[in-house]
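We just call them A, B, C and D in the order they show up, numbering each chain from 1.
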Amino acid sequence: MHSILDAALQSARPFLSKGKVAAYIPALNRANPDQLGVAVCLPDGSSFSAGDAGVGFTIQSISKVFTLVTAIRSLGRDRVFERVGLEPSGNPFYSLVQLEYEAGRPRNPFINAGAMAISSLLPGETSSIRLDVVAGGMSELCGRELSINVDVYSSERDTGNRNKAVGFFMKHFDIIEGDVTVAVDTYFRSCSIEMTCLELARAGLFLSNHGVDPTSKQRILEQHDVQWINSLMTTCGLYDASGEFACRVGVPGKSGVGGGILAIVPGKMSIAAFGPALDEKGNSIGAWKVLEFLSAEMGLSLYA
Amino acid sequence: MHSILDAALQSARPFLSKGKVAAYIPALNRANPDQLGVAVCLPDGSSFSAGDAGVGFTIQSISKVFTLVTAIRSLGRDRVFERVGLEPSGNPFYSLVQLEYEAGRPRNPFINAGAMAISSLLPGETSSIRLDVVAGGMSELCGRELSINVDVYSSERDTGNRNKAVGFFMKHFDIIEGDVTVAVDTYFRSCSIEMTCLELARAGLFLSNHGVDPTSKQRILEQHDVQWINSLMTTCGLYDASGEFACRVGVPGKSGVGGGILAIVPGKMSIAAFGPALDEKGNSIGAWKVLEFLSAEMGLSLYA
Amino acid sequence: MHSILDAALQSARPFLSKGKVAAYIPALNRANPDQLGVAVCLPDGSSFSAGDAGVGFTIQSISKVFTLVTAIRSLGRDRVFERVGLEPSGNPFYSLVQLEYEAGRPRNPFINAGAMAISSLLPGETSSIRLDVVAGGMSELCGRELSINVDVYSSERDTGNRNKAVGFFMKHFDIIEGDVTVAVDTYFRSCSIEMTCLELARAGLFLSNHGVDPTSKQRILEQHDVQWINSLMTTCGLYDASGEFACRVGVPGKSGVGGGILAIVPGKMSIAAFGPALDEKGNSIGAWKVLEFLSAEMGLSLYA
Amino acid sequence: MHSILDAALQSARPFLSKGKVAAYIPALNRANPDQLGVAVCLPDGSSFSAGDAGVGFTIQSISKVFTLVTAIRSLGRDRVFERVGLEPSGNPFYSLVQLEYEAGRPRNPFINAGAMAISSLLPGETSSIRLDVVAGGMSELCGRELSINVDVYSSERDTGNRNKAVGFFMKHFDIIEGDVTVAVDTYFRSCSIEMTCLELARAGLFLSNHGVDPTSKQRILEQHDVQWINSLMTTCGLYDASGEFACRVGVPGKSGVGGGILAIVPGKMSIAAFGPALDEKGNSIGAWKVLEFLSAEMGLSLYA
């Protein structure tokens, strides 16, 4: 496995120069575009990593998976999907257009609107408490007390006017429950959670193990809930490139503009890759290439 | 297997009364909403069926899979995907809105625009010749000389003004190659191909067998082409319910308003189900329920 | 003139029952749909009124005219139209769709976004101070110290999530200057200014007198500024019925969901009509019919 | 008047170099961007012209005014406006997006869809006969047998796929009456009518004279029909710059990508200006500037 991971990194490196780090906030813009890392966790508890797998990065939209996991655990799947849909949006993840045509209901949990709507359902009066619920569950899974990158969080909060617009717009349609600003701020905080590849792969491992965390033997979610989450990652996980990711990599995945991608191979493994250089659609070029290599090399695609 | 198929039909029947047969042309509107059938084909050559698996129906949008297969076989995957994208559209399958915003380029091969664009690439001067290329390949796979339902085809052609609009619109953007009316008419003809569930499952079997037709041992497509087609069925195959189908059934599928759904379980089997009663999004209610039952019963979801 | 005004009211009354009072906030929903009034002011200082011309109502979107007037007076026309356009939107007045496609720039000063963008330019640190600037100018023109309807303002503020969304969205694109909530709250306050028909006609009289208030002889705006404002009222003043109003009435107008319409006949007169029963597009049915009668009777259309 | 016209041309010339001639068909692309002409007709029968007022050009979208006139004369205003609306579209004149959201009904008679829908109502089985009806009426008004520019017409027809798409799309919604291709071809032919500024001003003179052609003393339309047409030119006549034209020029106008603009000053005069160099929105830069000069100089704006 180690040699495969090394080969994957090597195959991906030449593409890094074609990407750009996220520019919408200074804290992300300072990232090093040459970084590249990958970690694999197996249900037997073993894990493997290569490159910058120990470098921390903010998980950004990958947090949407864990917000969804947290909400399903607290409220059950039905209550969550009263608020958000199951379909790919066909629109940019930040768009308000579709929300207007569809009475404020987010198409799926992985566009910004969907994650904020779900954040509004989480238990806790303040965004700080809600973040603790989300991050607490993740900390248990990956074995370290996670925290947010305050610099990134502050930037997101101060410049997040588009997301605030999305929040108030959903409130108009009664999709957001309770205080809009709490929901939006919970979202900003979740996006700012800092992790390494290895921690991220560990946190996602239960999704490749039918809902059970192999380390603690604890059932995190029912198998049918896992089935839904992995399905949604498949159809909606890679922004406007989810279809192409399914063709080229062929497993459920979720990306973030911090440069991470979490990939789930049901029954087999979880993989987290990281590289801050992004393509035009906001996905990490390096992480994608690493995953594409691993999928081809190990025959991971679900569709072949 | 027979008892499972029977149980699947039984579980689905109560839902039929909630659907409606397609109403946009008389020939489809005369369909019997109580019909329900299913067929399963395995890579070992065995096949099983139940209910109205021997009743012929027009495959409608399921033909888009075989148009894509035919085009990849004649032209190679690269030339096909110069013309059409890989992403779910997030819009109705007949919509012109996204085409206008995206310079006429269809989002994927399974919306009407995509199928027409691909039809314009097929070899043959006339729509009749092009249909023979598509249907000929399918006939070989399912072991019977297929033909179109002339009544349905005539209706489609005479009332297909929206599809003609889509065709001329793409021609404006040079997405359609050659004569627009030939491409559009090829599309109408392909949609009118008549098959039974058993034939459809047979025709699709190679997609669950890494590209090789088990009966003839012939390689129809390379494995990586199959991987792409199955991926596209996953993200774009069930109209605006592709995401939900992935959650609930969990395998690549393609539906048609004639009432059929073709489902591919990679490495395991192909399934075709049929029931003319449709839900609001144009998918067969009965066929969907049959597939949902079979997926749960046999553990077919790729995401669990 | 009095008999013409009476006849106008009489011709309009039968249509009142086809309309509905604004329902989005309780304070407006309690309005009496049978009320109907009209007032006419001439450049010679004379004025005429009939029906409920002395009943106060909140001017709602008619305030957008005076916000624009105030901004042009303080900042000059050029600075204002750096922020907002001159074109009809073809979309509902509250829509976010066009804003997204056009980088947050409002199409014109009379959609909500446009009025908020202009409110953000007004002098004054707080919304209360800014309101005083707008209402102060209007008070001078109509000869009474105007104030806002606190009940209506509170409702607007508490339920105005869609408008807040519009505000934050424009802030994202740097169209809003300074604090979003001040701009949005200034907008809510302006909409809640309460006036009678007679006062409204007086406040608008200078727009029909080349920019000079005939009572005080004071020049309020340059003639070319008046020309622009009257033009914008023509193309954008009646929500999605501006084109029809131009056909049927044929003079610049601005309506509000409080039931008022201000009409300007350049060189001749200003007219304010009021009736809380609205049509589907949000325009007062009664006020429209009154104006249509007066236009036909007195030959006011600019286009005949 | 002659010196004013000369001054207008002189004021406009410096702007010509900022524009570009229409490029979508070769026949228009060969136009000379330095040409500039203007003609004014008064209700007393006198006329004045300057510059290239005797140069022929294709009237393109200006024909939409005369198609509307012809349809109202044959069918009455009510039947025409069953098919098309009265509102500015807020979208490009060729767009399909709004048509899809509004069930195929064109917003107004001056977008392409509107003109085609109206063309489908004209008497005559063939597009050639229908063109004769439209052009025949215009020929009487301007005193010369008009004909189409065959070169332009052929180009329009051969490359007009977007317009064909619009036609078939409206046919889908039963907005087009009878044969789509006849309606679309009638539209192409009407756009290709060739006239000079002087002829165009004469043909439009009745619109500034309450519906009566002063030369023949013949009533062409009722006054209220003229009122509607002039209103529609005001709100929808200059593509996406109708609002700005109302601000800067202030009279009803209709432009064409051939470089012409027809302006109507109700009760006073008709003006036709011509210059093939277009701005980004498809309006003649030179013709606009000429009209802006004349409006300011002679105080023509209806809104000042």
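One rule holds for everything that comes next: contacts are C-beta pairs under 8 Å (C-beta built on N, C-alpha and C of every residue); 3 or more make two chains touch, one makes a residue touch a chain.
What you are looking at is a predicted structure, and each value in this text was computed from that prediction instead of being measured.
Using each chain's Cα centroid, which is most distant from the centroid of subunit B?
Here the answer is chain C, farthest from subunit B.
Does C-D or A-C have more contacting C-beta pairs?
C-D
Quick one: subunit B and subunit C, Cα centre-to-centre, how many Å?
Inter-chain centre distance comes to 55 Å.
Quick one: report the Å distance separating subunit A from subunit C, using the average Cα coordinate of each chain.
Centres of subunit A and subunit C (C-alpha means) sit 47 Å apart.
Could you give the separation in Å between the centres of subunit C and subunit D, each centre being the mean of its C-alpha atoms?
32
At which residue positions does subunit D touch at least two other chains?
none
For subunit A, which residues count as touching subunit C in their complex?
95-97, 99-101, 161-162, 164-169, 171-172, 180
Can you check the complex and tell me which residues of subunit D touch subunit C?
Per the touch definition, subunit D meets subunit C at residues 85-91, 98, 107-108, 210, 223-224, 226-228, 230-232, 234-236, 240-244, 246-247, 250, 252, 266, 301-304.
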